[in-house]
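Letters A, B, C and D mark the chains in the order given here, with residues in each chain numbered from 1 onward.
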Amino acid sequence: MSGVISISLVLNVASSGLILLGLYIIFTQKNLIKIVIGLGLADTGVNVLLVSTGYIDGNTAPIFSNSALNISNMVDPVPQALVLTSIVIGFGVSALALALIIRLFEKTGTLDTSKIRGLKW
Amino acid sequence: MSIVSGLLLIALAGVILNVLFYKSKIVQKYVSLLLFAVLAYLSFNMYKQVGSHFSIPFLIAGQSIGFTITWLNYYFALMITGITLLTAIFSLKYMEGKEGIVHYYTVLFMKTFGMLGVILSSDLITFFVFWEIMSWSTFSLMSTGGKEAPKSALKYFIFAVTASMILMVGVVLSYSLFGSFDFAVIHSKIDSLSLPMTGFLLSIFIVSFSIESAVFPMHSWLPEGYSNTFTTFTAYLTGISTRIGIYGIILFLFGIFGIQTVDKLVILGKINFRYIFGVFAALTMIIPTFTALYQHDAKKLIAWHSVGQGGYMLIGLASANALGISGGILHIINYLTYQVLIVFAIASVEYRTGTTNLNKLGGLIKKMPVSYLALLFGIIGLAGLPPMNGFVSKWFIYKALIMSGYPFLAIAAVIGTIGTILSVYKLIHNMFLGQLPERYNDIKEVSFSMQLPMWILMIVVFGLGVYPGLAMGLIAKIQTSLGLAVVPYSLHGIASGSGQLNMLVITALFMGGLAVAWIIYLLGSRRKHVNQYNNYAGGHFLNKDVAYNFNYEFYAAIEHVIDPYRKKIIERTERGIIGLVDAVSEYVRRIYTGMINTYAIYILTAFVITIIFLKELI
Amino acid sequence: MRKLVSIVLLAGFIFYFATLTGGLMIPSASDERSSVGLDILSRTADETGSANAVTSVVVLYRGFDTLGEVTVLFLAALGISVFMKSTGGVRKKALDQSFILKTGSRLLFPLMFLFGIYIITHGHLTPGGGFPGGVIIATGFFVVLLTSESVEFNKTVMSVLEGLAGLSFIGLGLVGLFGPDNSFLQNFLPLGDFNTVFSAGIIPIIYAVVGIKVAAELSSVVFAMKESK
Amino acid sequence: MVNPILLIIIPLGTAFLISTVAGSLKNSTKYLAFLALLANVWISISLLPQVLKHPVNVIIAGIKPPLGINLLVGPMGAIFSIIISVAGILVLLYSFKYIEGEGQSKYYTLFLLLITGSQGMILTGDIFNLFVFFEILAISSYILVGYAGDRNGFEAAVKYLILGSVGSVFILVAVALIYQETGTLNMADLAGKFASVASGKKMMIMLFFITGMGVEAAIFPLNSWLPDAHSSAPSSISAVLSGFVIEVALIVIIKFVYSIFAMTEILQYLSLVGVITLLVGEFAAFNQGNIKRVLAYSSIGQIGLILFAMTLNSEAGLSAGMMQVVNHTASKSILFLVAGYMIKMTGSYQFTDYKGIAKKMPVSSFLFVLGVLSLIGVPPFLGFFSKLNIIIAALAVGNTFNTVMVFLILLGTIIESVYFLKILQIFYIGDPIKGGVKEAPFTAVFPIAIFAVVILLGFLVLPEINIYAGSAAAELFTKIQITQVF
């Protein structure tokens, strides 16, 4: 514990802030690219949350290359592995989304979600 | 091998053969006819195996599918297979060259299969399965044979599927209450049920069957549905299809629940379940019968009577004394014979003239005497006049109503009969009497294969009128098997007691009267045969140029009297419900706005609403 | 309107979140925690021979996830190539870059490639591994592509490479099925000397495969995007 | 014993293989895909007798479950595997002629990955692994929805992608919180440890999970992407999406609610949501003119029914729900696949343009009728028995709430039968439509016919179906799977 504001707390506030901001963007922005950006923000927020679950204040990376380190001052490796996966998935989805949006723009000539409503009811 | 399996397998074989050889004329006509004959023969022989049970090991919720033969279903099986055979014979010529013949016999077999299954079943699940097969085949029967047919079939189907769903609740509710689908088990445990639950369960079943038997106010599907299809199907449907609903009512009211249990169901201190039922039956008698007056189409007119006549059967059952019940049950077969006879006559006229519009027909008596005779026999039966069979059962019913102290219902029955007489007179007059339109000068009587079923039915209609005891024997057995009192009957009517009825005497009197009339007619015969246009009316000579046809707007005066009372509440309610469903569906569709942001908001909204709902649980 | 609704919803969301969980986001005190990760930490060195615990988790303990992850990348690349298939339009000619930029990027490319390989092969020893390494290699391609308009590129080779890398991953896993534990992805190689390049059994091999796959996929994504008009 | 992991590995490996050899084999790669799924069918069926005796626990990388990833295959998993592989192979067969043009091998790669994702989601015993497979499934669905490359396909795919990603954010939050609270990701381990989590947090985690997964499972109101996606995708894909993809997500929710979260308090709420979903689906379909949209809305209705059945908190309900899943998979696949060729032949999505099509496409239309009958629940089709079982299970609970729900479900059924009948009447009545409409090819009719055989002759093997569905239900309800792992 270092001081009143622990790093975990910062991480948590940051992650929830990012998720909420991302959601807010998805809810209110009509530009599809912005919506994808919102998704990216939310994704990042979740990634921060994931990392923070394994974080132990003051501990370091779980690598045994330096024999001076031992288990007790390492952080949990599992969330880091999870976050790696999650980032890659997030990247894949965003790339795909952008590719789709490019094509959709070619077909409709707009990125405005209120105008892309060919399918409804 | 039970006869039951034979019956069902043959009906099913008929379906399959007709599907497989849908191009073969021989299969369509003669093989089908043969199979229908076998069905009739088998069902006639069913009396040898009354009481036998037959089941297929077929697990659904631990139950097997079962059939049993009782006197009640023997009676119905006879009617079903008999009428199917007659329809098939009649159809040989009638359907020749028509487009719908490809699936005509398939659905006929399917329908027969379904109805036989319904009446033979010995447990709820079997009953329901065949009930569904039956209503789906009715739907496909109705969908064929005319431009308006699909629409009216859809209307029927909405009612039928509603009935099925209600029935399904009843079936499953019974299962969860009694732990079994079997009729016998349910019957044995019915007394252990609390009265409100009994009432609820019974109402579910009765409402469901009432829809199928077109009880007011759930009757509006019938006239259109029955009249828009092929006329032979009209005969078949109006003859037996609706009456399966009555079978259900008899079975549940007397067979499963038992009249003692039903009589315990009293609301507001004195209003009996049966009486409510009787009131609806009375409305079913009166309103459709008078609506029939308005019809300009023979098929529609007779279809409205199909509704009205159901009321007589139900009101007989509702009286719940021996005479009333036997009257109700007897009326089923009586109705069946004369109704089908009438429709066959109409079909014959349609076959030759191509129309059933009453405003366009007339004067066919000379051209088609057999059809005329058939219609005459039929409408006498329908109107409930001696010496035809309709009189007997109606007489039973009037008598029973007065005996059980339901005078108002008896009066209703009489009013219904007046309406019936008025409207059937319109039928026979507008088709066979009056002027023959020029275009029908070359009309001939229909061929023998179409006459044969009519002759058979005429004999039955008259025979059952004079010898009601022929049917009463079977009905007495039915009543005994249902644990009801039996009416002492003789070959000519009711044997003893205050309600004695001897149809032979009545027929003799009637015939005597007829003979007297004939003699008077012969003696006073001073008439001159003239051309139909060599005639005058109201000072105007009639000729081809004067468009005068008093078949047109036949009951304008009476309609004028009735009109203020016709509120068309049912039609408006139905339209309202359809409009409501339409509107709801339109609004529900609007949820899917096509706007991605809104969709995303839905997700969080669902989340938050769920928390609000569930936070008490923690 | 939509903004208002969103704000209300998010506020409600936060409110209920806070009231229901009493600050769920803040983890319990660290010293009391026991988790799978900490268990893994205590045995990874002996079990896997990998100095980098994260790598051992990624490749071995949660190797199946990594297979899925590679599949997701593969999917993304595939999807982009499905959507980006040439629609017949004429590609806009980009401005030809300056000579310095072109030459510089070509000089940079082998270095980045080499660096990527280093990162991949040392995944079990230092932070890094197949994913970052693959990304670095792909970036090398990307840099060249950005600067030199004329570079043509064989799509078939890439798709074969992607497929082969994926197949090798699965192949390596399937070998484990014949191993003693009859288990997919099991290490069947000797663990080697701890904290050296040739150690940790199949981990470096798998990471190499992953690296190739990631590099191939990311490059093909970039090329697919460039290919379209 | 065959290792259940092959159910995931074979389609995945084949997908990679196809990508490798696509250049030289061109369009014959579809046969590779077919072989892979054939192997899958065989494996999943041969797995069933094994898992009925004892659930199979497959460890991966030789590491014991709480630390590594494992697969848990109980009766439920095996049955779903069979559903996925069988439906998958039949739809694949249908695709042989249906999917045309260049680059077909990509379609088959994606299709195999979709199967991989579904199998993985059902079989895995680790929640993060579940998320990974969920993403594989979801991403391959996004791509396949837009595969046709038309405007509607892209629009639907974008919507599906964005909503699906929002859903996956929710799932991932749930996973992170679960790990934070319990320190484990293994389902069996979790089932034990989750009980000690504070109830408020438990509820919150569960809601995150259900909301996220509910997007894919098409629970109202999370299902807004579904009508667009299912109606714009190629029909073969619509069949798969409606046929098992949403069910897979739903069964995951059910599995979590019963076995892992063990929060039976919310079941009643979920069953209410199920009935609302059903009514929304049926009403929305009622006035719909686009045949594929009708089918898509009807899928919403069906998923509501399945959700209702499975949240009755009784083994009978779960078992009936499993039966309904089988029925829905078969019958909705029939409908979508037939509709696919009808659209292809007539060039129109409006079913009012199909007047008298039965005369030109008799076999397809007949199969369509069978599908409709089973979907509505007409005896003696499988759908009748599943619906009956659902209602029996609902009324067996014996409270007023469920009785009212049953009446609402039956109201939904009435609406459903009416709009389907309107379509059937159009097919069968009226003059045949003009133009070169002809019967679908054999490779299309054959798989549809197999589906039809399933629903038509299902009642012959009803006892067996009851047994299998029952053991799957028992697995979920009594958590045998969870307790027998270690």
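Following the convention adopted for this analysis, a residue touches a chain if its C-beta (ideal position, glycine included) is under 8 Å from a C-beta of that chain, and two chains touch if they have at least 3 such contacts.
This one's a predicted model, so the numbers in the text were calculated from it and none came from an experiment.
Here A-C and A-B are compared, and the pair linked by more C-beta contacts is A-C.
Centroids of chain A and chain C (each the mean of its C-alpha atoms) stand 16 Å apart. Between the CA-based centres of chain A and chain B the separation comes to 69 Å, rounded to the whole angstrom.
Chain A and chain D have Cα centroids lying 29 Å from one another. Centroid to centroid, with C-alpha atoms defining each point, chain B and chain D lie 44 Å apart.
In chain B, the positions touching at least two other chains are 589, 592, 594, 596-598, 600-601, 604-605, 607, 611, 615, 618.
Touching of two or more other chains is recorded for residues 23, 26-28, 32, 35, 49, 53-54, 78-79, 82, 85, 89, 92-93, 96, 100, 103, 116, 118-119, 121 of chain A.
Annotation for chain C: residues 2, 5-6, 9-10, 13, 20, 27, 33, 35-38, 40, 61-62, 65, 68-69, 72, 75-76, 79, 83 touch two or more other chains. The touch graph of these protein chains is complete, with an edge between every pair of chains.
Listed in rising order, the residues of chain B touching chain A in the complex are 589-590, 592-597, 600-601, 604.
Of all residues in chain C, those touching chain D in their complex are 17, 20-22, 24, 27, 33-40, 43, 47, 60-65, 67-69, 71-72, 74-76, 78-79, 81-83, 85, 156, 159-160, 162-164, 166-167, 170, 173-174, 176-177, 179-187.
Taken in their complex, chain C has these residues touching chain B: 2, 5-6, 9-10, 12-13, 16, 20.
Residues 23, 26-30, 32, 35, 113-114, 116-121 of chain A touch chain B in their complex.
Of all residues in chain B, those touching chain C in their complex are 597-598, 601, 604-605, 607-608, 611-612, 615, 618.
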